[in-house]
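Should a chain be cited, it is by its letter among A, B, C, D and E, assigned in written order, with residues numbered from 1 in that chain.
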Amino acid sequence: MRFFGRTRYSIGELARLRQIVRPSGHTMILPYDQFIEHDNRHIEAESDAGNPHYICELAQEGGYNAVAIHYGLAKRYWTTLMGRIPLLLKINGKTSIPSGEPLSVLTGSVEDAVRMGAVAVGYTMYYGSSRQDEDIPQLAKVRQECDRYGMPLVVWAYPRGSAVDAKGGKDCSYMVESAARMATEMGASVIKINLPKAAKPDFFENSGVPEYYRKLEKELQALPAKEQLSERAKRAVAAAQGTPVLFSGGEQINDDDLIENTKACIDAGCFGFIFGRNMWKRKKEDALKLTRMFQEMIDKS
Amino acid sequence: MRFFGRTRYSIGELARLRQIVRPSGHTMILPYDQFIEHDNRHIEAESDAGNPHYICELAQEGGYNAVAIHYGLAKRYWTTLMGRIPLLLKINGKTSIPSGEPLSVLTGSVEDAVRMGAVAVGYTMYYGSSRQDEDIPQLAKVRQECDRYGMPLVVWAYPRGSAVDAKGGKDCSYMVESAARMATEMGASVIKINLPKAAKPDFFENSGVPEYYRKLEKELQALPAKEQLSERAKRAVAAAQGTPVLFSGGEQINDDDLIENTKACIDAGCFGFIFGRNMWKRKKEDALKLTRMFQEMIDKS
Amino acid sequence: MRFFGRTRYSIGELARLRQIVRPSGHTMILPYDQFIEHDNRHIEAESDAGNPHYICELAQEGGYNAVAIHYGLAKRYWTTLMGRIPLLLKINGKTSIPSGEPLSVLTGSVEDAVRMGAVAVGYTMYYGSSRQDEDIPQLAKVRQECDRYGMPLVVWAYPRGSAVDAKGGKDCSYMVESAARMATEMGASVIKINLPKAAKPDFFENSGVPEYYRKLEKELQALPAKEQLSERAKRAVAAAQGTPVLFSGGEQINDDDLIENTKACIDAGCFGFIFGRNMWKRKKEDALKLTRMFQEMIDKS
Amino acid sequence: MRFFGRTRYSIGELARLRQIVRPSGHTMILPYDQFIEHDNRHIEAESDAGNPHYICELAQEGGYNAVAIHYGLAKRYWTTLMGRIPLLLKINGKTSIPSGEPLSVLTGSVEDAVRMGAVAVGYTMYYGSSRQDEDIPQLAKVRQECDRYGMPLVVWAYPRGSAVDAKGGKDCSYMVESAARMATEMGASVIKINLPKAAKPDFFENSGVPEYYRKLEKELQALPAKEQLSERAKRAVAAAQGTPVLFSGGEQINDDDLIENTKACIDAGCFGFIFGRNMWKRKKEDALKLTRMFQEMIDKS
Amino acid sequence: MRFFGRTRYSIGELARLRQIVRPSGHTMILPYDQFIEHDNRHIEAESDAGNPHYICELAQEGGYNAVAIHYGLAKRYWTTLMGRIPLLLKINGKTSIPSGEPLSVLTGSVEDAVRMGAVAVGYTMYYGSSRQDEDIPQLAKVRQECDRYGMPLVVWAYPRGSAVDAKGGKDCSYMVESAARMATEMGASVIKINLPKAAKPDFFENSGVPEYYRKLEKELQALPAKEQLSERAKRAVAAAQGTPVLFSGGEQINDDDLIENTKACIDAGCFGFIFGRNMWKRKKEDALKLTRMFQEMIDKS
């Protein structure tokens, strides 16, 4: 539980989170909420990725520490695992279909998670969206329910929306760091972020970007690629101020990049990984091989 | 408790507020909600300002009478102080990212504050924003919860929005005085305002500005700088009609100006100060020195 | 209670309203919600008008039958009167700062009024505003709460908004009569209106104005000033169909006009007056003198 | 309101209690809950005592400051008074039919009282009954509702039950004083007691009676009748420790005794009287004459 | 806060309990619930003991760390202290009048305590009473409310009832130790007990007394008086297993015995004292002198 000693946790959080912590203190989680987020497109895969039974199988054979899914899949498929793989119940979501400023709305509740014996709930916060005035109180209420039941709250801290696009984009360090911090302010038990990248070129022209981050971004972009990656990862973990950080894999990328990224995240002191498409869109044997490799990497750190 | 004898307070308010009152009757509070309000930019500091543990340390060493923070920081960091520094739980907030008419939405609740043993809740009211039709009832509900639990309500009375910009701007006396009054009308236990400044030049052309304030502003601008400052501070305190007033420090400014402003506020009869960036962005030793100086100034008055 | 015999009232309404009824059956109420409605401008006065303690003093010395104020002032200042002057708790309001179609939102609740021992709640309905779709259900809910607790509901029936401006303006007989009727339809216990005046010149060109009122307006405008005033007052009272009507004083006007208006209202059979600015912006001795004069006038009728 | 300055009252209590306070600061209340407490026997009267309409008439003609009745009579009869005589809603009661340890159970609620515009609720507490374990929490809940709505709570503080009988009886000073004190401890706004009398002879033999009260009782019994009466009344008022005390008339007694008792109570500093059977069982003209006499006596003190 | 480091406390408990802890880590509390528990007999005192205003005075002048009273006294009298002396709200009680197996029933609620800004609630648990089947769930519910609001729970752990009388009596070590342990098991934040004494003679004959305690009692009784006292105190504190223990003074006793007992309790490592009758039944000057002496004794330990 070495990642949970930097700040205070309730006993309910600790008693539940222990179940997803590897002996090394790290974790590796299989997320599978993408069929809400990205419509049905991911059935184009080298595996039986569209079938939730397959995901359960993969989670079990891969020795994942949890699966992150919505209520319907939890009730109909995960239940067949008889609790062998811990459940991280994702309780909000948004489809890919309408455009406009994003808001991720409730698909389930903390009480659903309690009833199913989940070890945590997952919540997507769209930092910087102009609909944050609906998002923030919704998250606050979920957090209050989590407090009431001693349920850990994993916040997907995702910068999004037109104002974010105008201030460097959803993946730049300025936005990812601010989102990670916001999740800590809101009371997240664990924070999930994407590995930050360079800001969009118009970043330097937006008068709303603070001087500090303009200067920083210039310095980061001047670094060699590998160092830059590493520096951005470290800063993002630091921005969470001690709240354990999970890195997501994001879109499916080539193996070398994925390994490179993973190393940078581990060196940055992350709590663990939550890799979805990079796992379940591959052939099962490849996915299992890669899983084992990452587990070894992370357990050594 | 000399600032709480001008109007009526419930016993719950008094029993809690006594904990933040210095023997001199004044108070000095350390606010740290800026990492929500201004994104992560303030990690650019001469101190470890981004780290909530540092803030707790500063509050304790500086002998602050309370820290004003959001739920996440209260739960994870402030708890390590074991109740030694009183908690003012800020329960609404707004990020700096999207623009548009501002509304500060709930990040926590009065019951959260009760459960943590907080001595007050803090609420930001954006006076004059076109979203006040959401803000006012939200504040009224928070106030009702405060009444139910005997919890003091500290209102950040901030003029904001395009109509405010067109009528002299968020810092002019007309706006600050009207916002302070509004907070009293809504039932604030304590009011936090910024020190008023001269109105923007187009103030005199806006037909919506009352004759009284046009005339007043001309007279104020005709005064020597120091007198003007003093007069604006006095008027702002008077506008609250006996509800104790806290002045905030606002942006980090140079020491001479900060001291000048502080004197004017003390002479105006304020209850105390709530200085954040002007404290935790400095080197710790400087912050502690300045803190002590202000405490001495205020205790003498 | 002669004004409450024309239609049915619940016993809770009667038991509370009796406290604001003079032996003559009339009433005279001191309203003081203008520091929300018109910002802080009214501190420009010949008296200590900005100070709620002064208002309490004036109400007591003047023998007013109630004061109409918002929650903050009730809790902090009115309480010092120990219940000697009945409280009419105003539970919605709107600041003067942002423009746009008006909606008066909740600043308090019927339960607040019950807990404080108020004799009635006051609610501002903006008849004809394009935001009436929010206003009407909000009023309906307040009325339901009033029913639950036996609390009288005094409706400020104010025509407002761009459609009203285009159909004669907020003060014309067509609008005031329609608003008074609307308040009766919504279940008001007592209705507060402004004394109607001539319609704006473009009234006759707006095709949305009913033929009846075009013809009427022409006839009214053809009458001598005094008769016209009297006729408009009578029609407004009649429009309420037996619900007792209070006339407000509106902006501060000269004494002769105020007395003329008052006579017209009394002759029209109004329940009483609710005079604010015309009282508390004057010197105290003048206000008290005028108060006594109106009380005598009304008690004789 | 001179009787309400010795201890703290909420504004809701004060705003309501003012309605039952005579200009002299005293009160005189007509209770009519005896047709529950004593079955239908009281129709044997020289007046139309069994008819609630008669009681309303008597209250109005006699200028009583309130009537104390149960819900059914309030709803069906008192309402015809249109709020002219304040209502003290009695919300618990007990019939005379079954014997055994007494408990007075709820016949109405505080919310009923609020809805009807009552100025207070009345509650009978049977001090010392072996069913106090049901009585005390029931009273505590009523008191909490009273707090929520600002409703004054008048406690009939009545010693009762076999343990009371064994310790001097329901009317002895030891019991009445202890019951008055208990009502203060429970948060009564006003306390109603019977004028204490000598303890029953076996008082001195019960080992459970405290030494202090044995000694006291001996001293009191040694006093001349008039002095004894006066001393017992004073002690009972003092036992309430500043909570205003109402004396009830109890059973119908002869005029001389009633006047004697009344004088003793007034001298003892009581808040007022609550005389039922001694009024409404007489001929109306006698009742009115006596009422006026007592009002004059009390107003002079 | 040295007494609160042996086991875990919630932040709400700590933030509230800090207010009753002296710089030395100890506490000294003035209890005044005896006018419910022992009827009005304690007005026989060398001071104005029956007057709650006197108790407030004594608490303030004596520098007590809290007063322990029921709701009525808190609302009407303690409020005049404006929060200067922390409130420990006693929320259950029982009168002295009926005999039989004891149960202390609710006179108030945890929410009452929250609203008044109390620092803790007090609850009397009658360990061993045959009515514990009502007592235990009632205490469990109070504790749940305490958890919800972060309110500390001080349990008066009192052995009582016929079974207790038959097994050594309410003051013997066997019973007091068992009751202290029971309070820890139920979740008490602080435990109040009486200093144990020798068991009643028939202790050794009751076959229900465990062998261990029969043997122990014999050994204790064989010790010299002072050592025995000291040993019993130590064992009682130890039985609470780290939950801080308050000793009550019980009946008024002579000064030498009181000092002797106090020393034994301090040596045993108690958190503090809660002395009522031994203080407020004395002359004020004597009470203050004794208070200061005990404060010095306890602060040195």
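Basically, a residue touches a chain if its C-beta (ideal position, glycine included) is under 8 Å from a C-beta of that chain, and two chains touch if they have at least 3 such contacts.
As the structure is a computational prediction, the values presented were derived from the model and not from experiment.
*Asks:* Could you tell me which chains make contact with chain A and chain E both?
*Replies:* Touching chain A as well as chain E, we find B.
*Asks:* Using only the C-alpha atoms, find the rotation that maps chain C onto chain D and quote its angle between 0 and 180 degrees, to the nearest 5.
*Replies:* The rotation relating chain C to chain D comes to 180 degrees.
*Asks:* Starting from the mean Cα coordinates of chain B and chain C, work out the distance between those two points in Å.
*Replies:* So the centroids are 35 Å from each other.
*Asks:* Can you work out the whole-Å distance between the CA centroids of chain C and chain E?
*Replies:* 58
*Asks:* Distance between chain B and chain D based on Cα centroids, please, to the nearest Å.
*Replies:* A distance of 51 Å separates the two centres.
*Asks:* Distance from the CA centroid of chain B to that of chain E, rounded to the nearest Å?
*Replies:* Their C-alpha centroids are separated by 42 Å.
*Asks:* Specify, in ascending order, the residues of chain A that touch 2 or more different other chains.
*Replies:* Residue numbers touching two or more other chains: none in chain A.
*Asks:* Indicate which of the five shapes (line, ring, star, complete, other) describes how the chains touch one another.
*Replies:* other
*Asks:* Determine which chains touch and list them pairwise.
*Replies:* A-B, B-C, B-E, C-D, D-E
*Asks:* If we count contacts the way the header does, which residues on chain A are in touch with chain B in the complex?
*Replies:* 7-9, 127-130, 132-134, 136-137, 140, 143-144, 147, 159, 161-164, 167, 174, 177-178, 180-188, 208, 210, 212-213, 238-239, 241-243
*Asks:* List the residues on chain B that touch chain E in their complex, please.
*Replies:* The touching residues are 1, 11-19, 78-79, 82-84, 86-87, 111, 114-118, 148-150.
*Asks:* Flag every residue of chain E that touches chain D in the complex, lowest number first.
*Replies:* 35-36, 38-41, 43-44, 50-53, 70-73, 75-77, 79-80, 93-100, 103, 105-109, 111-112, 134
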